[in-house]
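When the chains are written out, they are named A, B, C and D in that same order, and each has its own residue count from 1.
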Amino acid sequence: MNTPTLSKTKKTARGIFGTLIIPVAVGLILWIVCAANGVSMFSNAQSLTIFVRGVATVMLTTIALAINLNSGRFDFSLGSVATLSAVISAQITLNAGGNALTMLILSIVFGILLGAVSGGIYVLLRLPPIITSLGVALLYEGLAFTITKGSNVSFYGKTDVSGITTNVLYMLIIIAAVLLITIVLFDRSRFGYRYKALMAGQKVSVNTGIKEVSNAVVCYAFSGALMSIVGYLTATSVGIISVDILNFGSIGVMFSAFLPMFIGGFIGRYSNDKLGYLLAAITMTFFSMTYSALSVKSSTQSIINAVLLVVFLIYLSNEKTVKDIAALKHIRNLFKKKTDGETNND
Amino acid sequence: MDKVKTNEKFSKRQKLISLTPIIGLVILLILYVVIGIIKDINFKAGFEAIVNQSVILAIVATGAIFIFTLGSFDISLGASTLVSACAGGLVYNATGSVALMLLTCVAASLAASLVSSVLGSIFNLPVFVTTVAMMSVLSAVSEMLITGKGGNQIRISGLSGLENIWVKLIFLVIFTAICVFVFEFTKVGRRQKALGGNPVCAKLTGISVKTYAILAFIMAGVGIGLGGFLTAVRASTITSGTASDIGMNIFIAIVFGGMPISGGPRSRIYAAIIGSFSIRILSQILTMLLAAVPGANGIAQIVRAIFFLAMVYLASMNYRTKMLPR
Amino acid sequence: MVSSVRERKNGEVLLTVSDMTKTFGPVTALKNVGMTLKRGDVLGLIGENGSGKSTVSSIIAGMQTADSGNMTFLGEKWEPQSMLDALENGVGMIVQESGTIAGVSVAENIFLGELSQFSKFGIVNRKNLNEAANSVLRNIGVENVTGEMPMAALDFQARKLIEIAKVVMKEPEILIVDETTTALSQHGREVLYKIIDRYRAENRAVIFISHDLDEILEVCDTLTVLRDGNMIRTFEKSEFDADDIRTSMIGREMQGDYYRSDFVPTREDEIALKVDNVVVSGHVNGVSVEVHRGEILGIGGLSHCGMHTLGKVMFGAVAPDSGKVVLSDGTEVKNEFVAMKKMLGYVSKDRDNESLILSASVKDNIAVAGMEKYAVNNFIILDGREKKYVDGQIDSLSIKCSSRNQAVQTLSGGNKQKVVFGKWVGRGSEILILDCPTRGVDIGVKQAMYQLMVKLKGEGKSIVMISEELPELIGMSDRLVIMKDGKVTKEFQRSKDLSDAEIIKYMI
Amino acid sequence: MKTLKKIVSVAVALALIATAVLALASCGEAKKVKIGVIVADATGSEALSFRNYYKEYIEQNYAVEFLYSDALTDAEAEKAAIENFITSGCKAIISLASADRPAQIEQCEKAGVYYAVASGVLNDDEYAKYKDYKYYVGAIGPSLDVEYQTGYEMAKAQIAQGKTKFAIYGAGVGYRIDMHVQRTAGMLAALCEDESTTYGGVSIPGAIIGSLYTDGEVSLSKFQSSKYELVGYHALWNFGDATWQANLASVVAAEPEVILCAGTGLSVFGQAVSGTNVKICDIDSFTSDYATAMQNGTVTYLAGKYASSIGPIFAAVLDAVNGHAVKTEAGEALALGQSYWVATSYAQFEKFQSADSVANPIFNKTLLDTVVGDSISYGTFKTFVETDRTPA
């Protein structure tokens, strides 16, 4: 719409270019860097599994974060939802028997429940989510620890519950299914239209009679479902769930999703933001694979990631079209007093 | 007439609610004493423990109030404290001078604060995300400082003389006095609150958002520096896990202490101290009650979470809106 | 929908309102208001800002609920839960404040909150949605907008038309039009008038709200005057008389002068502030004006003529793309900081969002701008001195508050505005830029404001008054500059003979 | 909203009352000696088996009560935990946390609370400094030499079997945790005994230890050998991190014959090596996961601590609290070594596992009572600790 003069083919070409430039360029550059050092990102049979699993994990986390953050809702509880849902479903599956699918389904069920409770606490208390989600994170961490009486959950020898995470095809199915469901739910469904309306114009939407409370709770439940899959993937691929997460040990997960969220939002301008999150996840996983291939120290990794985040933000903040990115706008608005940003007042 | 009445009622309730945090602290103290008597605890050690564990948090949080007043949010405070402690420790080990160590601590944290704030101001970045990035950078920096000479720690010896509650209390009193002065009795504090209350209005009153953001980070930086110094003195061995307790607990503490999360004119400088002492006393109580229960730490954390949510709910009762807050 | 099952009989009572009261905190917006609306009626609601006309209509339309009172619609109890609920059941309102969402498409705006008809199994059919939107737009005569366009791409008038379409497509029995026409050009107005005529012809009903008396007299069949939350009087078409109506709007005989009593433009020679060929892309297109000491300069025009932006440029809050604002000593006003230093003051049109810290107290709001007046060494603030300074302003402006510590958000509009004035007058501002200074202010306070402006003028201060209300511009200005599309179209000197009609020509 | 408010108020009130009742209810118990246990790991299997032994066996058999800390990650946290224990009236602290042992000792000495190190020892300098402290009971556990030796012997055993292709999992080497560094150094040193093999150009144990502390990792490029291959190195426990996972996978994909693990190897690699021929040699404890792994041949070598190995230090603490602290002939604090049990087959593992359970530990009451009393000599105690109790 911004450039109505462009012809349709040109526009499509621009869309494709903008969509793919970041993952392709990053992949290429990192491939060259690896090659120059005589190593490869995909050096062994496991690499592809790791890669796909990495993409799945990052994408799901990013979407889970973005769903609420785009509406100005910070959610510190993401990591704790992942751990707690995995702990509960693992306890049930390990004690009562069941296979990988049972555990995955149980995880998702509890993820939805935990997400809904988290959202429920928010709408009930009507406090800024940045506060309630801190409380929820503490609560869920405590629960995960208490349920296992402080013992890590081990899957060792239970190959039947870890079948999914070692299979590339299954994980591709998970990625595709999540992407599809997310796009349908948020871009095509009635719920999604209401979600967007609330996001862009909270006051007008609420005055029009759109039910914000239920919409918010569904968002939290959905994000809980995604995080439960993340928790499941992590738990079963490693074979152990560490419950040593007391005192906010679980919130790091949220921070790791910032960079892919911004990248995904940027890509989304040229196509679809959910597709953007997938491509951003691929981009981020390229980095992870490279770090591993080059044995980059973890402190160096965190500096590189932080610098990337800042540089990308600087680019976004100083670009004229920055207003298009809802996520960034919301973050900025969040801590400022709201002006009438949501209506059309000039 | 009616108007005046509703107003009075409103402001009376407001006053009562604004007292919630201090009432909470008093209740917690009473509980602590009662349960302490029942459990036959060592009160002298207990109060010392409370002071020891609260002061560093209180100092860093008090400085951070300036940032929160603007409605900004800094998540890198814990990492910054660690960098400050590391730098101070290294300087002390090299020079043996406590004064230089203190200076270094403050200088290091000021530098970290300035990077965050200047980066945010110049490039117009959202503070929260900038500090998320800063947190990673600062953790990596401290990792380098700690492992720079091999080994996994910076060990400082010879400072145990400074490790007592009186030194801590003196630091707390002096720094709080400075902060209260700046916050309540100078132009700077007033303008901070105005900015937090309505940045557009403040801007249209000639208040520079950037200047005061940087000033806020400077005040916070001083607090972090003092906190870093006291951390180094207290821990005497600095590892990458040092001060990890501070980061998110600052947030819990100031909210617990009655600081509105959106900042602005209702910001309170005392919230940091009230909150820090409250959460530490609560922890002590839970330790006493649950020490022998398996999985106690998890249960204690659940109780803390519920307490936290209940407290903030009570304290913000008057500010409900039709729309969900964001 | 209720309407379809009934035959529309002219004169049938559609809506009754009785004993309605509404308070906002300490402010009483409506006091025992009652009214009746019949089929075929086009009822005008008129009153000053803050008279309660928007409040009563928003309650009828389900945007908010009354504290007490009853309403009936088509003989049944009327208690809409939301605007959507009201609209579904036959009462629709085109709101005064923008009711569209910039972030989504035109079609989504039109069908906001009622996508069910386009969805199967919860999935929305975008094509149907857009087509439906297009046909709704065509029906009311809007041609150049389509459903899939992003709302943000539309100009202000087009957005207003979307709002109209959104409501009218539901064919409510009662259509409430709240101050809509001010935003519309001739084309837009014609679209709306056509709808109103159709409603009259179909024996539905319209409530038409405006503070523009001429327009109301033209459009409406009956007219109800509200003042300070009270129903004053209802006029039938035969009784329409501009002077009578105005008297009942203003109410009592004013004590002393309302506007200035003189009709002679006066000013000192010294130019206090000069706007030199300022351009702000999209808003101001090469404006040069100057203000003298002791002069009240009025700037008028339609809401989007660029005058509000110009006001901000004068205070340094908006940096012009080219051109500059200079003061008598040659200082260029580059930002608010310079403006403050040089004793400029700025009262924003958007008072709640831009001129006040709502959650702060009266004291904090007044004190924040005046620190150099009472702070020791312009730095240290002592409670006593601050209180004295603030109390001085509260007294001299007679701000009604329970104490200086009362939160500003609980004050009435007029007292809020007094606080803003106190903030700037207290520090001794030499040049005051007042953007819609009497917006949402009751009549008593208005008068006080006008008198204060006269007093300040007498002290040699310069005042720039930007306003959308011609009467106060004519009544107060020494010189009146009219803007249109970002340019100055005409300048008038103060005169007894200046008329609305003559000025409006240069505005539209 | 109003109801909600009421609910919250009531809930808070109830919580307060419940707290008070709980407090009152628990005060009826007879006076027990309180002992605080500070731990660095609260959730691992070894930590839990230790804990179960204390909480479920010792507490049932002696008039003591153990208070456990959170997982303590740094010196400041250790200090705070000890403060809390002192407040609670603990008479002694048993330490399984090692961020700053000297500070712990100083703190306890100042407070007049007995202090002992379990499952570890002080280094020589530290011992020299603190051996005369009144409240320092001593340390019983594998010394750093034993740790080194354990790693060394593990590697040696593999070499003896003709293995040549190795990978190393350094566990806490990245955090420079002493015992992990020592074990890893021991492994490397064993490999370096071959004359074609060097690490960083040297093969002296001291130099290898030094370079591990400096680098915080095993660098594959520093390993030079014409006899052995070192095909992978991994460390730490960043389970959720994609880079960490990728690195883990690449270690397994390099197909070493064995992965020499400095600890927790099965938790980290168990899943990844299933279905491959890669074997795990590990240092951990005798838990059911290891039973499975030894049975199915994944783990071929396990050096382990048994749960009740922390029994003797408890006895020493109890004696001290009762006023009869056991000291060396020179009147100094205890410093006694313990070594690991090594299982190389499932049969052996089973024997170990059944020899030491919570219900029936090696250091059971009968055995412990031989050193609990008012006149236990150093000799008796030393023999008691150093007797080889490995199940035959």
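What we mean here is this: a residue touches a chain if its C-beta (ideal position, glycine included) is under 8 Å from a C-beta of that chain, and two chains touch if they have at least 3 such contacts.
Nothing here was measured: the structure is a model prediction, and the numbers come from that model.
Put simply, the chain farthest from chain D by mean CA position is C.
Chain C and chain D have CA centres that are 73 Å apart. Averaged Cα coordinates give chain A a centre that lies 43 Å from the centre of chain C.
Chain A and chain D have CA centres that are 37 Å apart. Spacing of chain A relative to chain B, judged by their CA centroids, is 29 angstrom. The set of chain B residues that touch two or more partner chains comprises 197-198, 200, 244-245, 264, 294, 297, 306, 313, 320.
Shown for chain C are the residues in touch with two or more other chains, namely 353-354. The multi-chain contact residues of chain D, meaning those touching 2 or more other chains, are 42, 70. Working note: touching chain pairs come out as A-B, A-C, A-D, B-C, B-D.
Interface of chain D with chain A (complex): residues 4, 41-45, 48, 70-71, 174, 217, 220, 236-247, 249-250, 252-254, 266-268, 270-272, 274, 289, 292-293, 296. Chain C meets chain B in the complex at residues 25-28, 315, 317, 336-337, 339-341, 346, 348, 353-361, 364, 367-369, 371, 375, 378-382, 402-403, 405-406, 410, 423.
Across the complex, chain C meets chain A through its residues 63, 81-85, 97-104, 108, 112-113, 115-116, 119, 122-124, 126, 149-151, 153, 156, 159, 304, 350, 353-354. Residue ranges of chain D in contact with chain B, taken from their complex: 1, 5, 8-9, 11-12, 15-16, 19-20, 22-24, 26-27, 42, 55, 65-68, 70, 73-77, 79-80, 83-84, 86-89, 99-100, 102-103, 106, 111, 175-177, 210, 213-214, 216.
Here chain B touches chain D in the complex through residues 27, 31, 34-35, 38-43, 45-46, 48-49, 52-53, 147, 150-153, 155, 160, 231, 234-245, 284-285, 287-289, 291-292, 294, 296-297, 303, 306-307, 310, 313-314, 317, 320, going by the rule given at the top.
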